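Order of writing sets the labels: A, B, C and D. Residues in every chain begin at 1.
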Amino acid sequence: MTKGRLEAFSDGVLAIIITIMVLELKVPEGSSWVDLKPIIPKFLAYIFSFIYIGIYWNNHHHMFQAVKKVNGSILWANLHLLFWLSLMPIATEWIGTTNFSKNPVAAYGIGLIMCAIAYTILETVIIKCEGENSKLKEAIHSRFKEYISIVLYVLGIATSFFYPYLAVGLYYMVALIWLIPDKRIEKSLKEN
Amino acid sequence: MTKGRLEAFSDGVLAIIITIMVLELKVPEGSSWVDLKPIIPKFLAYIFSFIYIGIYWNNHHHMFQAVKKVNGSILWANLHLLFWLSLMPIATEWIGTTNFSKNPVAAYGIGLIMCAIAYTILETVIIKCEGENSKLKEAIHSRFKEYISIVLYVLGIATSFFYPYLAVGLYYMVALIWLIPDKRIEKSLKEN
Amino acid sequence: MTKGRLEAFSDGVLAIIITIMVLELKVPEGSSWVDLKPIIPKFLAYIFSFIYIGIYWNNHHHMFQAVKKVNGSILWANLHLLFWLSLMPIATEWIGTTNFSKNPVAAYGIGLIMCAIAYTILETVIIKCEGENSKLKEAIHSRFKEYISIVLYVLGIATSFFYPYLAVGLYYMVALIWLIPDKRIEKSLKEN
Amino acid sequence: MTKGRLEAFSDGVLAIIITIMVLELKVPEGSSWVDLKPIIPKFLAYIFSFIYIGIYWNNHHHMFQAVKKVNGSILWANLHLLFWLSLMPIATEWIGTTNFSKNPVAAYGIGLIMCAIAYTILETVIIKCEGENSKLKEAIHSRFKEYISIVLYVLGIATSFFYPYLAVGLYYMVALIWLIPDKRIEKSLKEN
């Protein structure tokens, strides 16, 4: 089966996820600059989540460049990833409305860790389906980035109960690691 | 006519349906874990409907792999299916907000049965349009899965008035039947 | 320029328009069947508009089958059509919440007539851009369907101030005329 | 890497941005024409922003016609543009609900200027990535349109604190400059 529709559907879902978050930025009642104050934490949360969804889209895009055909397992592993990503807008709204309180920040971290696990499962399923000659397998020699991310998320969640802002900083570090889409895949694709 | 745009439009509608359901998961007022309690039934309903829309997308994807050209009848049969699927978010919200009460669960089942009928109509229209050499016809020898689903839905709707949770269990059984996209189509496509 | 992205963007906008209308079908507070009563007119309005958007999508799809290349004028004529179609959800909500009152029904008719005019403009712009050998020009010998639609809409709008339901009937007649996508285009494409 | 998915994702996000703005046009309570009065400024703001997003989509479409391959930098420059465009619905709502007050009109102008800067960055990144033989570089000899736009925006923002309607007029002038998609690209593509 061709991968075209899987990509189109994922693009659609990610485009909606990234855009509906903006609906939470409710417009202020008045027209003075001070009226914008209550939406500042929501706006920061929006920027943060926009970057995260952007990262997932970029890496999803890179990963499927190295995929030739899809099957039922890949379709479901992909839907599983989209499910966890679809919860990002709610988590974002929760940290935004509560001004980065400890529980919402922890919940956000749990959401991020589930997305990361779902992404790793998708990677594994693709490599399993493609077998020995998988371009993706070649491209991803080690899983270093995947493992360090999980560690940072766990640290972040634990930290969130004491210093929520520090926790957000740790989540942000994971984002920085993934900001640059997988050079390994770009390189591997060029060689072939 | 080519099938590309029909697939793109269907992907768009399904992507929106699957994502707007998450908008119903209104963020709690407070920031404690207890505040999440009222959204638990909504969240369960969301997971359930997410899986269902995922199943329809997967099977739609598989079905159209076996289709070469589309005409006006297929376009309308497809829109008819999308119409019933578009009601899923409301049905989901109703069972979520009423904590799986009997009438909403029955209404949800009616929605599911209408989707199943619309899907079967689409299948029939495609086979009719493609004629004797239809790959899809080859792939679907019997309609066993289609018929058993309708029976389980009817049972579920009847049950919902007495044991709503049991009814959801019956709907869930149909989901399990269809979770694995039609191997018949994958096999038939490989042979050709 | 290729028409691929124009089609993709239009599909996206139409998919969203058709789906956000369902958001207006607010879920009832209670769980009894009687609680569904207030959403019946909204539901009827939803079905009606769903069919209308479906008709526009089908005919848009057919029309662009006959188009080879697009330019700036076609892009804008297409956006102009999408603009008027994007107002359908509001018009739908207005007739739904006011239970098909005279002014909202007239406003709905004005919306429909603007869509019809925008569609005819798009047709004209495409034919002009493609020149003498335009497949679309061949396909559309007369503009009978276009003209009869405008007449029925005008009649409908005039009627809406006295008998709103009759007006809806007249709008419905236009829908029936266009329900079957342009056979002229299908035929013309086959011949070539 | 191919540009297909970048275009599809951008189309999706822009389609959603352009359509969710219509959700702000809340339907009036009553059914008389007078009830429509409060949504008139919102409607004007909607038309204005619809045209703006349309312009960005058209120019984005034209720009990527001249692009062959994309890399990580282009993906991020594109997401950066989408981020600023995603704020348009909120800015639109703010000017609509406050009836074109000075601060909201200034905020709207700041949003527009950020979009313009993000668009110029995207152009620069693409040209840098494509190198000397970039078709886009050939097509865009000078950056006159880009620079005059920034000047008009700055003038508009300054004006908005004294004459908000005049500021909107200045923003509108920029729209007029860009309404006609870049002929330079169309011409350059034809020559090749």
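Assume a contact is a pair of C-beta atoms (placed from the backbone, for glycine too) under 8 Å apart; a residue touches a chain by one contact, two chains touch by 3 or more.
These figures come from a predicted structure and were not determined experimentally.
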Same or different interface residues for chain C and chain D, judged by whether over half of the residue numbers are used by both? different
When chain A is superposed on chain B by its C-alpha atoms, the rotation angle in degrees, nearest 5: 90
Let me spell it out: compute each chain's centre from its C-alpha atoms, then which one is farthest from chain A's centre? C
For chain B and chain C, let me know how many angstrom lie between their CA-based centres, rounded off. 26
Cα centroid separation between chain A and chain C, in whole Å? 37
Residues of chain A touching at least two other chains: 8, 12, 15-16, 20, 23
Spell out the part of chain D that touches chain C in their complex, as residue ranges. 7-8, 11-12, 14-16, 18-20, 22-23, 25, 27-28, 30-33, 47, 50, 54, 57-58, 61-62, 64-65, 179-181, 183, 186, 189
Over in the complex, which chain B residues touch chain C? Could you list them? 1-2, 5-6, 8-9, 12-13, 15-17, 20, 23, 71-72, 75-76, 79, 82-83, 86-87, 89-90, 93-94, 97-98, 101-104
